[in-house]
Amino acid sequence: MPTGSNRLLIRSLLFAPANRVELLKKFPRQDADAFVIDLEDGTPESERAAARQQLSQTVQYLRRERLRGLLFVRTNASTSPHADADIEAALGADIDGLLIPKVGGASDVERGGAALTAAEQRGRQRPLILIGLIETVQGVMNVQSLTTADPHLAALAFGGEDYISDIGGRRTAEGLEVLYARSQVVAAAKAAGLAAIDQVVVDIRDDERFRQDAALGRSLGYDGKMCLLPRQVALANDAFSPTPDEIDRSRRLIAAYEAAGAQGRGVIEFEGRMIDPPLLGRARAVLEAASRGILDRR
Amino acid sequence: MPTGSNRLLIRSLLFAPANRVELLKKFPRQDADAFVIDLEDGTPESERAAARQQLSQTVQYLRRERLRGLLFVRTNASTSPHADADIEAALGADIDGLLIPKVGGASDVERGGAALTAAEQRGRQRPLILIGLIETVQGVMNVQSLTTADPHLAALAFGGEDYISDIGGRRTAEGLEVLYARSQVVAAAKAAGLAAIDQVVVDIRDDERFRQDAALGRSLGYDGKMCLLPRQVALANDAFSPTPDEIDRSRRLIAAYEAAGAQGRGVIEFEGRMIDPPLLGRARAVLEAASRGILDRR
Amino acid sequence: MPTGSNRLLIRSLLFAPANRVELLKKFPRQDADAFVIDLEDGTPESERAAARQQLSQTVQYLRRERLRGLLFVRTNASTSPHADADIEAALGADIDGLLIPKVGGASDVERGGAALTAAEQRGRQRPLILIGLIETVQGVMNVQSLTTADPHLAALAFGGEDYISDIGGRRTAEGLEVLYARSQVVAAAKAAGLAAIDQVVVDIRDDERFRQDAALGRSLGYDGKMCLLPRQVALANDAFSPTPDEIDRSRRLIAAYEAAGAQGRGVIEFEGRMIDPPLLGRARAVLEAASRGILDRR
């Protein structure tokens, strides 16, 4: 959801297939910051038309059950015969926005943005948001230019699995094969003031793998992570929230810095490290995130 | 060689210096997917003119001996006094194309392409192919724009040794110093529909080093590797072919996915991982590569 | 300082806050290749105006004491109210140039260059030099275009701490979170013929950490490193100078190559590695750096 600083706060973005109503109905019990009803890859081709027709009813159910967190629909890519019908159905329901897959360039973002503008002109309770999923080589190469294509775009997500399929590579545990693309997507997002949501972890039984991957994503600057199952949501929320130690250390670092400033010293040592504005800025961001973590939950 | 899907299949690209005729004559006994007669760095400056004059005769010998795999000539860079004479000699022989070194921008590709066009207009048995070797900082910075400079360009190769010399760095076993450039070259190649051929390994006695480097290259999306010696060819062919385990696992994954689709479930679990289209796409690519590996050899 | 090959040779760039005169006065006893009087982040906001007024006197002291190495001033960024007064004060003193922080695009370089041009037209003993510090996401995204914005620009420095704060990431010991940005900055610098100076290490008591980080920076192509304390200067000078082993090995490699060339063989094996021009070029660069290390010190 847009925060005071006008940035989306999504630590966890939980997907479920649009044709699995029994899974979708569990959303209100789950602690994700945002949810995605997936009309695309999660739903078999033969089920997509039927799933689309159920969409409005499912969204009504979720709103009645007071879903916390933002609600998105992943529509099919613009090259699919489903694309137009998906967008129409999604924007006919009371959702917060669209997640557009396989974004390859500015025109994909413009097309999505135009649909949101049209829906807003027909009247909406809340502003609509676009998340662009960058998961092809084309998308990565064009990522810098597409971030400014439409003002509805509020976040980029990076799809490492699709990216590696598209480039013809192989996934490894270490993940060096996507470091370039993953770094480029988060840099383009942040340069444009957008949020950045990191890749899924398909090893759904391996919590340690998820934690390690989330830690790397966070170090790169990502704000949250796409989740395939409810069990990954808690791990993502944890990885993308400040730890008690970080909060404590940030408070002490700021206090030490302010004390030094009062004595006319700008750079001081704190527990063996030099404190300068970058470190200080991170400490302040930790305290801000910690307070938002409580305030921003509906 | 161009495949049904119009992509070059080069797992191994074996170099030998143009002045070492005894090495060139062994090409027909070797199992590389493609071969390079090297008029540039492999041949001492003082020998290059003489080596160029032998070229036509050597190519005739290799064709008589029924060389399997594509045959390229590496000419000297456009800044060299040898460049024009090299290209004329190479295109006067029955080769499959040119490997152009030190490609720094679109103009280098255009110049090579124009030479191939002229040769084709004079009449050729087969279409001519260009491979661009990206091995300078300029080339890496301009790589995206040069991929579309001429339709003969069918592959980019990444020269890590020259790149590190040009940037003034140092080679390490881990290879993080070239990860950015190596990632950018393969991404630019694939975005333009070109094949991508990975860097050499100069530790010619260290097979384990070659295997590790090839595995990383493959995970990044490279299709094959440049080889300095025949012993590296088998390692490269092995690294860039699907393993029996991968083929077996891919067959079972596709079967499980199709069975689930028949039951209306798009995303299913297979051996602890979520199957979705990216994973499925990789499984299908494995089976396609496995069949091409047999069919495409001459 | 500009060398025969017109490239700045800065292995170590030592910072001290402009308000800490007792630290600045120690510069002449230290062995750094270049020094920075820091009017920006190292000096508390409330002390900056006073520190600026002391600047001229401090520079006079350092010149009297025959400071070896280049002398720079880090001014405040163009968005700061201090910016103009800082530049005027700095260029009123006998310094070698400016280090501009938070460079985000070509206009920041142009503004700095224009100030140097104006100062040179008023008459200077020596030419003035600009170092651009790339430490924001904007700067990294625009780095290629800003390198050619003004001919005074002689080096780019990469600020990893600020970059990670700006992108909202976290620092790790391994440093993968900045590999993309750090690689892009050095590539842009070298493509434009500029020197490249690597990030600080804030763990000021951990020499091993500094050595490892310097080794990675050197492998990436950086020429030197920013230093926060005198104890880091010796480590940086060591890391960015050729080792006795490298010098010895380079001499032997060149001798072997020349002997082989005399026998008409271009590529030869030397201690289990193939020698070709890239390896040879690195060997020659080692010997050149070794001789410059002695000759270029004032």
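Labels for the chains are A, B and C, by order of writing; each one numbers its residues from 1.
Convention: contacts are C-beta pairs under 8 Å (C-beta built on N, C-alpha and C of every residue); 3 or more make two chains touch, one makes a residue touch a chain.
Because the structure is predicted, anything quoted here is derived from the model rather than measured.
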Please decide if copies chain B and chain C contact each other with the same set of residue positions, more than half shared, or with different positions, and reply same or different. different
Working from the CA atoms, figure out how many degrees chain A turns to land on chain B, in steps of 5. 120
Any idea how many Å lie between the Cα centroids of chain B and chain C? 37
Where in chain C do residues touch two or more of the other chains? 179-180
In their complex, what parts of chain A are in touch with chain B? 17, 19-20, 41-47, 135, 137-138, 140-141, 159, 161-162, 164-172, 176-177, 179-181, 200, 202-206, 228
Which residues of chain C touch chain B in their complex? 144, 179-180, 183-184, 186-188, 190-191, 216, 218-223, 260-261, 264-267, 269, 272-274, 276-279, 281-282, 285
